[in-house]
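One chain, chain A, appears in both complexes that follow, with chain B as partner in the first and chain C in the second.
Entry: the complex of A and B
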């Protein structure tokens, strides 16, 4: 087998555009997914039965269906409602819904790990429930589950590949186009595999940098909570 | 004038009856020691006073708040009551200063610079002026407990509740925490402390309440520790010393 990368590298710009959209999708849905997931974790733990049940149903529904099917459901669901949204918007919605469910489970474990005494100390100081989550529970919970959390968001970036199925022009979609134009599928997917590896490693570095900012205690003392 | 009143308070956890009609009262500026064997319901009584537990029947009044009232504004109750726990419960991700400022800033809405001043003041009171930027895990148990007392003091409560705050400490560290509490007592703070430190209770308490099997079995001045009226208190005191 002779490998020939020249026709692929000739379309380098297209790959870069695809990678850039992949990065944008990853960043946007990491933020929205974290927000949705954390709110669902709080809802699942709350004493409001209805909120807990709604959040629980959502989490289980998402964790027990394939992501591709979820994308199609969002895509065709929204269009049958008469909403004509761009492929990127649909991708962001579907990715958020998907990662939000997994994040909810991770954050729930994080909040569950906060000792009862911490909540009681906050309670006796007069903090409201929202303040207890915000000031007392959120950062220690995140710090404990941070490895799972960052892995989940890297998986999310990789899973954004599937949105090529609704013609979002991200990295995998670019590869699909290039391989059909060049008849060099192996080389094409090998190149984007390497780009995905580079993106994953870059995300690890970014998550490490974020941890240095949001966990000052850890930065200063280097110990685990 | 009583600041804390419990009147025939009953409390069960499921089928387990813990408080079988507890009554006592604490006057303003009084220091009360709540003593009794393990499982007699001391912690439960204390937690009911701050509504960490809701009672089944009876009445609790704290600084004019009807504590059992389901419509009670809990925030107002907690502004008047400070609580210190056996396990310190400092927030591990916050520095000592941040731990202390959290309540004043987010509950009382005191501006940060002013809250910083309050933190410095209460830390000086407990002898930790140099620990402002330390994290809880960098402190000894005794220092952590003093920081927890400072955190509670920063809210300027009218009553403070202490639940075996020295039980996790060795004798030397116990001494430094007890000195802080003694100093607080001298400044006229109203306090209810659950303690196994009988000598300490005898020295600083104005009133001793002895609980036995979910009831107040005997109460009086510190002299009841040396001259108990009931055989149960006599047994308890001789076991503790």
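Entry: the complex of A and C
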């Protein structure tokens, strides 16, 4: 058996299209997931029992079930409600719901790590809860959990491969198609494995660059908090 | 033909859950052995071993488990190996888990204070003795909570073995769904079963983390 990569590389256009959709999914759900997760973290910490309980249940339910089952539930659940959405939309919704729960736990740890004096000082200045989170807590909390956050979003990009199971045409789906056309599964999946590795390295670099822009302290001192 | 959900379907799903557990156990044992090798390789004195093992970890951690499954299940047969879905799933999970557990354990080993190594060296212990008699017993305590936490990931990720046709819980759900087509109900039951498997492990890991950090605080207080 000789490895032959030419038929796969001949279909590079398809691989690029798939990789591009994977990137789009990753970027979109990183943003929506971060938003959802942060809101849930705030809800979990609030003194409203109901909000805290709802957010807590959501986080536990998602963190203790596999993503594959979640995406099936969203896919079939929405269609049984009569909503027929495209596979990409369903993928974005399911990925957001999934990563939101993990982000919520990470951001909660971040908010918990803010010194009590900071909250009290903010309250003394007459800031509302929203202002306390937005002006005082958010940035240092993010800075402290930034390594976990960025790893989580890289795992999210990798998890987007699972959306191929509901026929989203991202990188893994492209590979499935190519391997069935070329009968060269080993080479095909090896190539996309390398593309995924390249994407995750690229994400690492991007997250580092973002941290240099949004955390001035790290930029000035070259160190974390 | 009876097309409603009946007790036989539930029994079939429970069988699937059992196979999920079997696969998780295989992944944990195989991945644990591999992970130990990875952890040792990452801190090996030889530079070449370190570079090779680091490359392995980067490669596996940068690849989705789904793709690893496809490589082993569809790829290896074309290279002339014939493998069953169970073997493919077990092998993929082992590769995947070894990279992650290896990194967790390396972190635990490296967080044992440097002075412990030096003290052991002063007692004229060999490198193996230092590792097994001094460092590992302490590292295991540090490593236990994150390892248990990662076990939840293992159980959840076995669901991806369904794509290579291994009949575990998710695949069992798909099969039942093919015969009665009530996807929402069935996947809710499947999700509930996964929750029953994972949640106790999550609780255990959280409790271990709490007692672990309490112990770390005590140690700090003692040494201060």
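Operating definition for what follows: the second predicted complex is superposed on the first by the 225 of 225 C-alpha atoms of A that agree within 3 Å, B and C clash if a C-alpha of one lies under 4 Å from a C-alpha of the other, contacts with A are read in each partner's own complex, and residues count from 1 in each chain.
Criterion: a contact is a pair of C-beta atoms (placed from the backbone, for glycine too) under 8 Å apart; a residue touches a chain by one contact, two chains touch by 3 or more.
Note that the coordinates shown come from a computational prediction; the quantities given were computed from them, not determined experimentally.
Look at A:53: by the touch rule set out above, it reaches neither chain B nor chain C. In the superposed model, A:80 makes contact with chain C only, not with chain B. Of the two partner chains placed around the shared chain by superposition, neither chain B nor chain C is touched by A:35. By the touch criterion defined above, A:140 reaches chain B but does not reach chain C. Once the two complexes are overlaid on the shared chain, A:185 sits against chain C while remaining clear of chain B.
Greater residue coverage of chain A by touch, when chain B is weighed against chain C, goes to C.
When the shared chain is aligned, chain B comes close enough to touch A:117, but chain C does not. Note: no residue of chain A belongs to the chain B contact set and to the chain C contact set alike, using the contact criterion stated above. Interface residues of chain A, counted against chain C in their complex, comprise 1, 60-61, 63-70, 72-73, 76-77, 80, 158-159, 161-162, 164-165, 172, 175-176, 179, 183-187, 189-190, 192-193, 196-201. Residues 50, 52, 74-75, 78-79, 81-83, 85, 87, 89-94, 102-103, 106-107, 135, 137-138, 148, 151-152, 155 of chain B are the ones touching chain A in the complex. Across the complex, chain A meets chain B through its residues 115, 117-118, 120-128, 131, 135-136, 139-140, 143, 215, 217, 220-221, 223, 225. Of all the residues in chain C, the ones that touch chain A in their complex are 58-59, 61-68, 70-71, 74-76, 78-80, 152, 156-160, 162-163, 170, 173, 183-184, 187-188, 190-191, 194-195, 198-199, 202.
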